[in-house]
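One chain, chain A, links the two complexes that follow: it is found with chain B in the first and with chain C in the second.
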Partner chain A sequence: MVLLLLKRIGFMFFTMIVVSIILFMLLETGLTGDPATRVLGNFASDAQKESWRNQHGYNQPVVVRYAKWLGNFATGNLGTSIRYKGPVKDVLLPRLWNTAILGFWTFAIMIPLSLILGVLSGMKEGSLLDRSISIFGILTTSVPEFASAVFFSALFVFGLKWLPGTSSMSGGFEFKQLILPAMVLVVYDFGYVARMTRASMAEVMQSQYVRSAILKGLPYRQVIIRHALRNALIAPFTVIMLQINWLLSGVIVVEFFFAYKGFGALLLEASLNNDIVLLEACAMVAVVVAVGSQTIADIGYTFLNPRIRFT
Partner chain B sequence: MAEKKDKLSTKRVHPGVEEMKKSLTEGKCSRREFLRTTTLLGISATTAYGLASKILGEDILPSLISTAHAGQKKGGVLKFGMMVQEMADPATYSWTEKSVIARHIIEYLVETGPDNITRPNLAESWEASDDLKTWIFHLRKGVKWSNGDDFGADDVVFNFTRWLDPKTGSSNLGLFNAMLEDTGEKDAKGNPIKRMIKNAVEKVDDHTVKINLKSAVLSMPENLYNYPTGIVHRNFEKEGGDFTKNPIGTGPYALTEFKVGEIAVLKKRNAPYWGGEVFLDEIRFIDLGSDPGAYLAAIASKQVDALYELDLTTLQAAKNIPGINVLAIPSTQTGVIRMKVTEKPFTDKRVRQAVQKCCDVERQLKIAHHGLGIVAEHHHVASIHPEYFKLPPLKPDIAGAKKLLKEAGYPDGIELTCNVGNTNGVWEQNSVAVLKEDCAKAGINIKINLMPTAQYWDVWTKAPMSLTSWTHRPLAVMVLGLAYRAGVPWNESSYNNPAFDAALDEAEATFDVESRRVKMEKVEKLLQDDAIMVQPFFRSVFTAVSDSVVGLETHPTKYYRFHKVSLA
Partner chain C sequence: MATKSTTEMPSVGYGAAILRVIKSFGLLRESWVGMIGAFLVLFWVLVAIFAPWIAQFDPNANILPFAKPGTMAASGHTFWLGTDHMGRDLLSRIVWGARTVLTFAPLATLSAYTVGILMGLMAGYRGGLVDDILSRISDIILSFPVLVLYIIVIATIGASGFNIVLAITFASSPGIMRIVRGLTLDLRNRDYVAAAQTRGESDWRIMLFEILPNARGPLIVDACLRLGYVIITIGVLGFLGLGLPPPDPDWGGMVNETRQMAMVFPYMTLFPCIAISSLILGFNLLADGLREISLRD
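Our next item is the complex of A and B:
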C-alpha cells in the first residue's frame, strides 16, 4: 500500500517535470516569438530589449534558466504578469478561487443528480424511467456549452428576466449571478456522468454475485446499497475525478460567455494577450490540479476496489 | 522678437478671425467650420456662437458640452460596461478606453466636444501668432492637484517634454511634429530619430506657457485633446511613473479600485472641483471581457447602465430591448488595410495600386459594415472632415489591376497575406474577406491571417499587409500627421514621402477652410496615388444607454465624460 502511494506520487512529480520542460521550451526559448518583444512591446528599441534580456537572465544557458524557473515556481514565485503589471500570484489565486466556487456548486448539484439518476436508470435497464433518463442525458450532453449558454440567456435573461445576464461579480459575490454558469455546466456534464453510472450499474446488476444475493433472498434495497452500489461507483468515480480536469479547461467557454472572472477566463486572457508569465503559471497550475486529482483518484480506487490495492 | 513677444503677451484676437467672419458672411464656409476655426484661434465658444448668430441672423444656441440639465439628481453610482486595461502611463495610451477612465482623474488643456468645437479646460484661453507658429496658453488659476499642489506651467512643460522624448514611446511625437528636429541619427528601421527643439515649450510665468513651432499648425489646441495628452503631475516620473498606483489628478474623481480585466472604481473627491459640481458619487467601469454578447446581456439585465460601444453584431438585438436607447455616433472611425512600402512585394507601387484598383468601396461598406457609414477614397480623409477635398469617384478597375500586375512582373497573379485582429469587431475580418473576393478577380490571392487582438498589436507596425482600426479625429490633418508622416511611431505603412510631408505641413498651417481644402487636394491625391492603403469606408459607431441615465453625451471618438451625467 505504501509502495503504491509512493509510486503514484513519484509518477505525479515525473509528469509535472516533463510537462514543465515542454512548457518552458515552448514559451521561454523564443520558439514562439521573442519574449523581450512581448514584454516591452512594439516600440522598444533593440538596445532596450537586450538590456531587458540581460536584466532578466535571458542570455544565460537554457538549462540554468530552466532550473531557476522551476525553483521559483516550486517556491511560489510565479513572476510578474505582463498584462496585469503585478505579481501573477495576486491575479491567479483569486481567479482560481472563483473557479473553485463555480466548480463546487456545479459538482454539488451535478454529482448527486447524475449518480441518483444513473443508479435508478441502471437498476432497471430498459424501463421507461431508464429510457427517459438516457434520452434526456444524451440530449443535454450533445448540446455544446456555448449553445446552451445562449439558450438559457435567451430564456432567463432576455425572456423571463429572472436572472442577471453576466456574472462578473463586480459589486461583490452574488449567488444569483452564479446560477446561469453553473446551470450550463451541470446540464452539459450531468448526462455524461449519469450515462457512465447507468452503464456501470447495469453491468453490476447483471453480475453473478448480485444475482446470487437476490436469489439468496436478501432484501432488494440491501443488495443495491451493500453489494451493487460500491462496485458500480468505481467507473463514475473515475469519471467524476476526470471532470475536475475538464472543469478547469471546460469553464473557459462558460466564463467567457458570462464574463465570470475565473481561472478559465484568465487562461484565455493570458493566451490572447501573449502574457507568457501568466500563461506558464496557469498551465502549471492546471497540470498540478490534473495530476493531483488523478493521484487522488488512483488512491481512491484502492478503497473502492480491493483488487487494485493488492496488485 | 522682443516686439513679437510684447505683442503676444497681451490678449489679442487673431487676424484670422476677421477673415473667417468674412468667409461666413460671403457663404464661403459653413457655420460649423466658422465655429471650429475661430475657437481654435483662441476666441471663446460663446463668443464664436454669438458672432455666427449675428452674421447669419439666426439664433444659434451654443450646444456647450457637459451642460447640466434641469432637475438632475445628485448622487448614485453609474455602471459603465467597458474593457478595463492597464493604464499606467497616460502618455503612451493606445486605446481610447484607458483615457475614458483617466479623463475623470486627470484633465486636458482643452476639450473638444461632440460638436467638434474645442473649448478651454485646464487652459482657460489661448492665442496664436499671425503666422500660427507661436501659441500662448493661459492656464487656469486656482486649480489644485489631488495631493494639494497647485497646477501650473511647470506641469505643462513637464508633460510636453516627456511626450516629445522618444524614450517615452508616446504617439504624441507624430502629433507635435512641428516641435521636433532631426537628430541626424536613424533607428533600427532606418527612420530618422527626432527630438524636441530647444525652447519648443517655454514657461512664461506660473500660469502661462508658450509653444514655439518650426512650422504653422492650426490644430494645436485640438491636438491637446488627443487622448494621450492628459496632463499628469510634474512629479509623475519621480513618484514612480505609474498612474494607477499613484493617481494624482486635477479632475473631480479619484481612483479607488483598479483591477485590469475586472473593474475600475472612481469616487467623487471631497475637495471642491474647479469645473463646478459633478452629480455622480461613483462611476464603476465594469470589464465584461471581449464578447459583445456579454455587454448586451449586462445592459439588458440592468447590470450596467451604459456601454462604451455596441458591436454591429448586437445592434439589432439591442434595438428590441425596452428601456434601452441605441445611439448612433457619426464618426471618421475606419479600417485601413495598409501595405508596408518597405516590404516586398509592396515596395513596388504597381502592386499596391493593383490591390487598390480591385477594391469596390460601395460593396465593402454594404457587406462589411451593413451599409452603416460613408464610403471612402483610400486617403483617410472623410467627407465629414472640414478640410475634405472631393476627388473623382473611384470605380473598381480589374483590367487596370491586371495590367499593373503584369508590368510589375506578376503576369500569373500574386499571393499576399493580410493580417487582421478584429480589434474593433468582426467587420474588420469581413472587410478583408470582401477585398479578397474582389482581388481574386485580378489574380491576387489574399490569404487572411486572423489573429487574436493582442497578438495583432504586436505586429501592426511590422506586418507587410494588415488591417488596422483607426479612431475618429476631428481634423484629417491630425490623423494624417499621426499615421503617414515619415518616421512617426504610428506610421505603420513606413510611408516616407517628403512631398506629402510638405503638403501636409502646408495644409496644417492654413486656417482659412477654403484654402486649406484646396491644399488638401494634393495631400489626398499623393496618398491615393502612392496607394499605401485600401481604405474603403468610414464607419458609424453605436452605443446603448439605459433610460435611467440623464445627460450622457456621445462623442465621435468615444471620449466619454461623465461630469454632468446623473441618474434618473
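Our next item is the complex of A and C:
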C-alpha cells in the first residue's frame, strides 16, 4: 500500500518534470522562434535583442537555464510579467481565486445533478427514463461551450433580461454574474459524468448481491440506497476528480466569453500577447492542478475500493 | 481456447471488413437516434461538397453590411441569413465554413488515428519495454488539460490549418493508443493470430491484417465521437482567435467576430452556433446509434 502510494506520487513528480521540460523547450529555446523577437517584437534591432538576451541570461547553456528556471518555480519566484509590468504572483493569485470560486459553484451544481441523473438511468437500463436522460446528455455535450454561452445569453440576457451578459465583476463581487458562466460549464459537462455514473450503476445492478437482495424481498428503495449506491459511486469519484482537468480547459472559453477575470482568461491573454513568463507560470499551475487531481483520484480510488487495495 | 475458436470471428481481410462496416451502417435503420445522426452528418457533408453551388455570394466579399435576414441584394439574390458587420453573406460563409471544418476535422482525426493505431498496436502486441515507454508518454500527454496544450502549441508554432492538424494529432493520439492497446491485448491471444504466427507472417502483417480489422467495432464508434470532439476543438480554437487565419470562413471565428454585436444583431452569432452544434450532435448521435447496434449482436 505504501509502495503503491509512493509509486503514484513519484510518477506525479516525474510527469511534472517532463511537462516542465516540454514547456521550457517550446517557449524558452529557439525551437519555435526566438524568444527575444517574441518579447521585443519584430522590429527590434539585433543590438537590442542581444542586450535583452544578456540581461535575461539567455546566452547561458540550455541546461543551466533550465535548472535555474525550474529552481525559480520550485521556490515560488515566478518572475515578472511583461504585460502587467509586475510580479506574476500578484497577477496570478487573485485570478486563481476567482476561478476557484467559479469551479466551486460549477462542481456544487454539476456533481449532485449528474449523480442523480446517472443513478436514475442506471437503475433500469433501457427504460424510457434511461433513454431520455442519455439522449438529453448527448444533446448537451454536443453544444460547444461558446455556442451554449451564445444561446444562454440570447435567452437570459437579451431575451428575458434576467442576467447580466458580462461577468467582469467591475463593481465588486456579484453572485448574479456567476450564474451564466457556471451554467455553461455545468451543461457541457454533466452529460459525461452522468453517463459514467449510469454505466457504473448498471453494472452494480446486475451483480449477484443486488439480485439476491431483491430476491430475498428487501424493499427496492432500500436495495438501491443501502446496497447498490455504495459500490456504484466509487467509479464516479474518479471521473469527477478527472473533471478538474477538463474544467481547466472549459474555464478558458467561458471566462473569455463572459470577460470573467479568472485564471483561464489570463492564460489565453498571456499566450495572445506573447507574455512568455506569465504563460509559463499559468501553464505550470494548470499542469500541477491537473496532475495533482489525477493523483488524488487514483489514490482515492484505491482507498475507496478494497478490491484493488488488497491485491 | 480450442472450444472458443468456433465462436470467434475468423480472420478477415480489409475487403470483407469494409463490407461489414457498410452493412453495419445499413443496420442503422433500426436505431432512430443513429438515423437522425446520420441524416445530420450527411446533410452537412452534402452542403460542404456542393458549397460552390449552394452559396450565392463570395464568402469573403464585402457587399452590404448589417443586412437583415431575407434582404435582397443588388444582384437580385437574397441574403437568406443576412450579412455580418463587414457585409459578408452569412449563408455563404456558413456553407463554405462547413467545407473548412469537414476538411480539417476528418484530416486531423485520420492523422491522430494513424499515429494512435500504430502506437497502440506496437504497445499491445510487442508489450514489454515498448509498451512501458509508449504508455508513459501517453499518460504524460493525457495529463495536460487539453485546451492549455492546444493554446501553448498553437501560440508557439502559429495558427494555420496544418498546425491545427498537428496539434490535434499530438493531443489525441495517446487516447486512441490506449483504446487500440487494450483491444490488441485482448486479440493477440486469439487462435487466428497464433495461426498467422505459425504461418510465419511478419509482426506488422499480423498487426495490420489480423488484429486491426477485428478491432474495428469499438474504433468506429470512438472515431465518430472523436470527430465530434475535434470539431468542437476547431470551433473553440477559432472562437479564441487561434484558429485558421482570417478571412476564410470558420464557424468558431464567425462567432468571435460578431459576438460583441449579439445584442443588436443576434442572428450573426446564432446561425454559426446552430451550424456547429448540429454537426457535432450528428456525429454524437451516430456514435450512439452505432454503439447500440454493436451491443445488440
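Heads up, the rule we're going with is that the second predicted complex is superposed on the first by the 300 of 311 C-alpha atoms of A that agree within 3 Å, B and C clash if a C-alpha of one lies under 4 Å from a C-alpha of the other, contacts with A are read in each partner's own complex, and residues count from 1 in each chain.
Simple rule for what comes next: a contact is a pair of C-beta atoms (placed from the backbone, for glycine too) under 8 Å apart; a residue touches a chain by one contact, two chains touch by 3 or more.
Quantities reported herein were computed from a predicted structural model and do not represent experimental measurements.
Overlap between chain B and chain C is detected when the two structures are superposed via chain A. Once chain A of one complex is fitted onto chain A of the other, the partner contacts of A:139 are limited to chain C, with no touch recorded for chain B. When both complexes are overlaid on chain A, the residue A:51 reaches neither chain B nor chain C. Of the two partner chains placed around the shared chain by superposition, chain B and chain C are both touched by A:272.
In the superposition on chain A, A:256 makes contact with both chain B and chain C. In the superposed model, A:153 makes contact with both chain B and chain C.
Touching more residues of chain A than its counterpart among chain B and chain C is C.
In the superposition on chain A, A:85 contacts chain B only, with no contact to chain C.
In the superposed pair of complexes, A:18 makes contact with chain C only, with no contact to chain B.
Once the two complexes are overlaid on the shared chain, A:231 sits clear of chain B and of chain C alike.
Contacts of A:166 after superposition: chain B is touched, whereas chain C is not reached. The single stretch of chain C with clashing C-alpha atoms against chain B, selected from 24-32, 114-122 or 258-266, is 258-266.
Under the contact criterion defined above, the residues of chain A that touch both chain B in one complex and chain C in the other are 33, 150, 153, 157-158, 165, 256-257, 271-272, 274.
Taken in their complex, chain A has these residues touching chain C: 11, 15, 18-19, 23, 26-27, 32-33, 134-135, 138-139, 141-147, 150-151, 153-154, 157-158, 165, 245-246, 248-250, 252-253, 256-257, 267-268, 271-272, 274, 279, 282-283, 286-287, 290-291, 294. Chain contact summary for the complex, chain A toward chain B: residues 33, 37-38, 41-46, 83-85, 150, 153, 157-158, 161, 163-166, 168, 170-171, 256-259, 261, 265, 269, 271-274. By the touch rule above, chain C contacts chain A in their complex via residues 33, 139-140, 143-148, 151-153, 155-157, 228, 232, 235-236, 239-242, 252, 255-256, 259, 262-263, 266, 269-270, 273-274, 276-277, 280-281, 284-285, 288.
Of all residues in chain B, those touching chain A in their complex are 79, 86, 88, 169, 187-188, 242, 244, 260-263, 284, 286-291, 293-294, 296-298, 300-301, 303, 321, 452-455, 457-458, 460-462, 489.
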